[in-house]
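Quick heads-up: structures coming right below.
In the two complexes below, subunit A is the common chain; its partner is subunit B in one and subunit C in the other.
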Partner chain A sequence: MQKQSTGYLFILPALMVLGMLIAYPVAYTGLLSVTDNAGNFVGLENFRRVLAARATPIAFWNTLWWVLGSIIFQVLFGVMAAILLNQNFKGRAIVRSVTLVPWVVPGIVAATTWAWMLHTEFGIINYMLTAPGLIDKPIGWLTNGNTVMPVMIAINIWKMFPFVAIMVLAGLQSIPNDLYEAARIDGASFWEEVWYVMLPQVRSVIVAITLLLVIWALNHITIIYAITRGGPANKTLITPIQIFRTAFDGMQFGQAAALSVMFFGVAIVIVFIYIRTLASNPEEAQ
Partner chain B sequence: MSGKTSKLTRPGLPGWLILVGSVLLVLVCLFPFWWMVVSSVKTLRELYTVPPIWWPDTPTFQNYSNVLFQSNIPRYFLNSVIVSAGSTGLALILAIFASYGFARFKFKGKPLLQSLVLVAQLLPTAAIIVPLFITLRFLGLVNTYWGLILVYMIITLPLSVWMLTSYFKNIPVELEEAAIIDGASRLECLFRITLPLSLPGIASVMVYAFVTTWNEFIFALCFATDSSVKTLPIGLAEFSTEFNTDWGAVMAASVVMTLPIAILFLSMQRLFVGGLTAGATKG
Partner chain C sequence: MKTMTIKLAMAATASFLAMSASAWAGQVVWWTPNFNEARARQLVETFQAANPGVTVKLETTTTDGLPQRILTALQSGAAPDVIDVQHAWVNGYAQNKLVVPLDEAVTERDDYIPAALQYNTWNGKLWGAPYRIETHAIIINRGDFKAVGLDPDKPPQTWEAFADAAKKLTVNGKSGFAITGGGEVGNTIFRSLPFMWMLGGGIISDDGKKVLVDSPESEKAVTFYTDFFKNHLSPSSTLENDGTANRRLFIAEKVSMYQSGQFDIQSIRKENPKIDIGVIPVPHPEGAKTAVILGGWSLVVPSSAKNPDEAKKLVAFLSKSENQAILTDTFPARISAMNAERFNDPILKVFKDMLPFGRPVPAHPNWVQISQAYFDGIQRILLGDESVKEAMDGAASEIEGLL
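And then the complex of A and B:
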């Protein structure tokens, strides 16, 4: 009904800013990845070097472990919390607000607070575990190579499961009542209702959130960076942090760009799967 | 939930399980903050004792006075406010027009452009941080407010466009059609009709964008290395990376940083959650 050109005029300023801030850097990354620090074309040399670096495969496996460990439990605990919050009980509104707190709080605050709680000598967590005799002596959670990654993943789960809970809760509350009524007429128990009514109805929500969580796990590196910077001994080095350290500690912009290009490639595939998933649920994607 | 009229009672979780679950949920979510507050009012000696003291006999505000009067934290707080407000405001202005364009016009390439906005929102920051740094350095914008405000629009702009578009779409187009027949221009429609009707949407976009930039860490770490522009997250990280961490001060600074967000969030919770589930990540 309207002239096409007017529509373009409205969106043009925003698109120009986005193009300048995003499209240009992305293209520039591509250029940097095939040049050295002086700007000479070096072909695939940066890629070769970065792939040969000892840290790269370590970072790859750590990233995989970090993403998988995080999302499985974020979704699991998030769905459990959502089912709980979907019940009618006194004080539900308060519990719901409280559940969101970890998600709203700045990542850096979560990082410092957990780092203090996990302090080897004076941390409350070691005290809670040693006092009843669950462990013999305090564990250096953040310095021990075997515990540091699981601890980072646990903090990330704590930080993000509230988001899953609130999104799944919104999905649960939009389930039409007649579905429950039908289940009730059939004499379904609560757990049957969860399994045969609730979960199938929020399945598409869970799929979309899971993909979003993968993207966010690759994006949000605050917790790891603030607590360990990838250490000790690269035990928590994930690819985004490797890019960061290659660029700003090692000043190897070309190699950092080569790594960025590969990282970007993987991320963009996930982003497109996410968008396709959204688009295939027309009533949700609009 | 209409359980009253129906004879068939809706099965639910047993009461004890709800109780245990709720208590556990509240404890897990709040304990770190409670511990943060307790630690922030302890003296050094009380912090470093085993077993830990659950509540100090005489709470001290020494840590707060250290943070507020003897550190750069107040300056960082101001920097954070300027940067977050600046990038939220600028993004909002651009987003109002762009969202209106997406919501009300049909034009070639619209689905593609809309997906590009979504891609921009989901883009991994690590992938573009190097060229951004080089570009900002070239433009002389490293360690300036403008540099950070611009960079933060990478986060706030796609988000605002995405959320606002779905708000505008929900406002009946008939209102505008009537106004156009009366001779109103497109801009008048936007500012007199659509915008006033979407104030709740605008408010939630603002809160969400502000909170996101307030919490942002990695960009600030790269682009603000001078104390005149450093934001709070960087200030907080500085406290704890020094060789001898003063945990009392770190916890006090954490409280100072969390407080505005907590107040903002609690006072606008309905909008915040409503807006999020409606627009940000649709699904």
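And then the complex of A and C:
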């Protein structure tokens, strides 16, 4: 008993730092969500107001699309790139480094560059499409309600798939050569190798990365905020941006906190379901 | 080791005391935006020469993120003594008792443009000293006017004539009149709200008690504004354009007319000297007067200022007519200061003529969210998702919940 309490004493400084950095903000957000700007207790008024706002359900559905669209293609392209980079070919080292570029570019720089490239009048993308006559007139990538969200998702995929590729590549390289040899003796084609050797071996890596990607997509702000600020007409408004806007543009910290609390709840449920269904298989559960 | 620590601690305490002492002895800390720096420094020297006991420490701010920075400083209780702020922010500070009244510092009120004082007044007291004002007008490419047979010296006055001119100017891949539909909310508020005022409408009433955005007058004004895009007279990129984007399009000679303030003139002249720039008044409906939003800057003294008396002395000094004429980047808030030589540039004449039509935006604690709801409605119209009526009815029900 004595020994154990001494142990606690040793980790106390670390616990205090953790407490200040994590527990306090979480608790304070909870407190903010039931008070007004002057600090008076208002019960669930902030929750009522934020749920009544027209933008809230829009943001919720947008967030769902954003997360699903981003994750599926990030993982798909990431794994494909990893398998490609795992092959033996000339200049592989250079291709591996170049693949990382989107991930290394700072988010705000990438977003601003994309915003310029996609601009209806000045953008190079419309120029490249109109100059050879592929389309007659420029497309309003960021101003058309049907293209703006897919474009945001595409940028996010471009930004994050290298990360998936590198992590999966690391997993692929740890696969022992015997497995490939055994498969080849059995007459496996390349695709059968991918399906029966590579993917099962890197499954746990993919599962862990997907969870990270889900969390990152759920609290993402940079790309969308820098390009559209959630517009036009809330077509790209996702909940983290709504929280940011409510707090720092509208100065309604109580309502922003209420939205954060609810979002926290939803995020936990999503992550929980994910871990329960995808991340657990008989071997990994204990 | 131990004595070393004690020595260090003592040295730190001593230097801390020395620092705070120097901040107390009649020093006024003044936060001013970086574009004011040179002129502010010049005025500080004059002020210090006239007031030997007081020193002014100038600290420059940048407009990006300024409202958040000031609010944080005001609420933390460690604010400077004088801050340059935009007119529209003052009311919020006053309502939350973050600044002190400046009634003694601002005298000769008859000499001020009334709307500038109105912005800074709450509960019968003056909480900010306005020193700079500005409004929008329409900046035009005179060469484009001549090319399509329009006379730039006889510009269109009414909405109808203006829309006709915009139609004529929309030729050879150029857009006649660029409206904004993207960027920060304020861009579109500044450019569309005055059209509502001209007809007697608005987003909310001046007392902040009634929603006006779905009134027939407001809807007519919104129709006038958004039709420039629907009729293809505003660039196809309108939904991603703010004031700066419109200026770039004007400089690239893709747009013949757009709304802005006098601060754009210099950069147009520098970046494309070929353009023959003209300025015309904002058009008005037949039989009604024009209107614009009056913007600008004021000086406030925070409640937590360390030297409020000296701070007020500085504010009184800066509010003198001749000093306002120096400090302002655009126009001074005092009518007599307008006589200074630098405001006589002929290109400024129309901007000056618009000043008496300048009105303050309504002061409401939820103004940011109210204007966001309206702006979302404008974007729904521009996207073609909703008619003007549907969009403004939707905005009205959102705003209703915010009053």
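Following the convention adopted for this analysis, the second predicted complex is superposed on the first by the 248 of 286 C-alpha atoms of A that agree within 3 Å, B and C clash if a C-alpha of one lies under 4 Å from a C-alpha of the other, contacts with A are read in each partner's own complex, and residues count from 1 in each chain.
We take it that contacts are C-beta pairs under 8 Å (C-beta built on N, C-alpha and C of every residue); 3 or more make two chains touch, one makes a residue touch a chain.
Just so you know, these numbers come straight off a predicted model, no measurement behind them.
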First, second, both or neither for A:M198, with subunit B first and subunit C second: neither
Which of subunit B and subunit C A:A233 touches, first, second, both or neither: second
Touched partner set for A:G140, first subunit B, second subunit C, both or neither: second
Touching partner for A:V95 - first (subunit B), second (subunit C), both, neither: first
Which of subunit B and subunit C A:I185 touches, first, second, both or neither: first
Partner contacting more residues of subunit A (subunit B vs subunit C): B
Touched partner set for A:F248, first subunit B, second subunit C, both or neither: both
Subunit B versus subunit C as contact partner of A:A52, first or second or both or neither: second
First, second, both or neither for A:E121, with subunit B first and subunit C second: both
Overlap of subunit C and subunit B interfaces on subunit A (superposed complexes): 119, 121-122, 248
Subunit B - residues contacting subunit A, complex: 1-3, 6, 8-13, 15, 18, 21-22, 25-26, 28-30, 32-33, 35-36, 39, 47-52, 94-95, 97-98, 100-102, 104-108, 110, 113, 115-120, 122-135, 150-151, 153-154, 157-158, 161, 166, 169, 186, 211, 214-215, 217-218, 221-222, 232-233, 236-237, 239-240, 247, 250-251, 254, 257-258, 261-262, 265-266, 269, 273, 276-277, 281-283
Sites on subunit A touched by subunit B in the complex: 1-2, 4-11, 13-15, 17-18, 21-22, 24-26, 28-29, 32, 80-81, 83-84, 87-89, 91, 95, 97-102, 104-110, 112-117, 119, 121-122, 124, 127, 131, 158, 162, 166-167, 170, 177, 180-181, 184-185, 188-190, 193, 204-205, 208-209, 212, 215, 218-219, 221-222, 225-226, 239-241, 243-244, 247-248, 253, 256-257, 260-261, 263-264, 267-268, 271, 274-275, 277-278, 281, 284-286
Residues of subunit A touching subunit C in the complex: 49, 52-55, 119-122, 137-138, 140, 142-145, 228-229, 231-235, 245-246, 248-252
Residues of subunit C defined as touching subunit A within the complex: 68, 71, 181-184, 235-240, 248-249, 252, 254, 366, 368-369, 372-373, 376-377, 379-380, 382-383, 385, 394, 398, 401
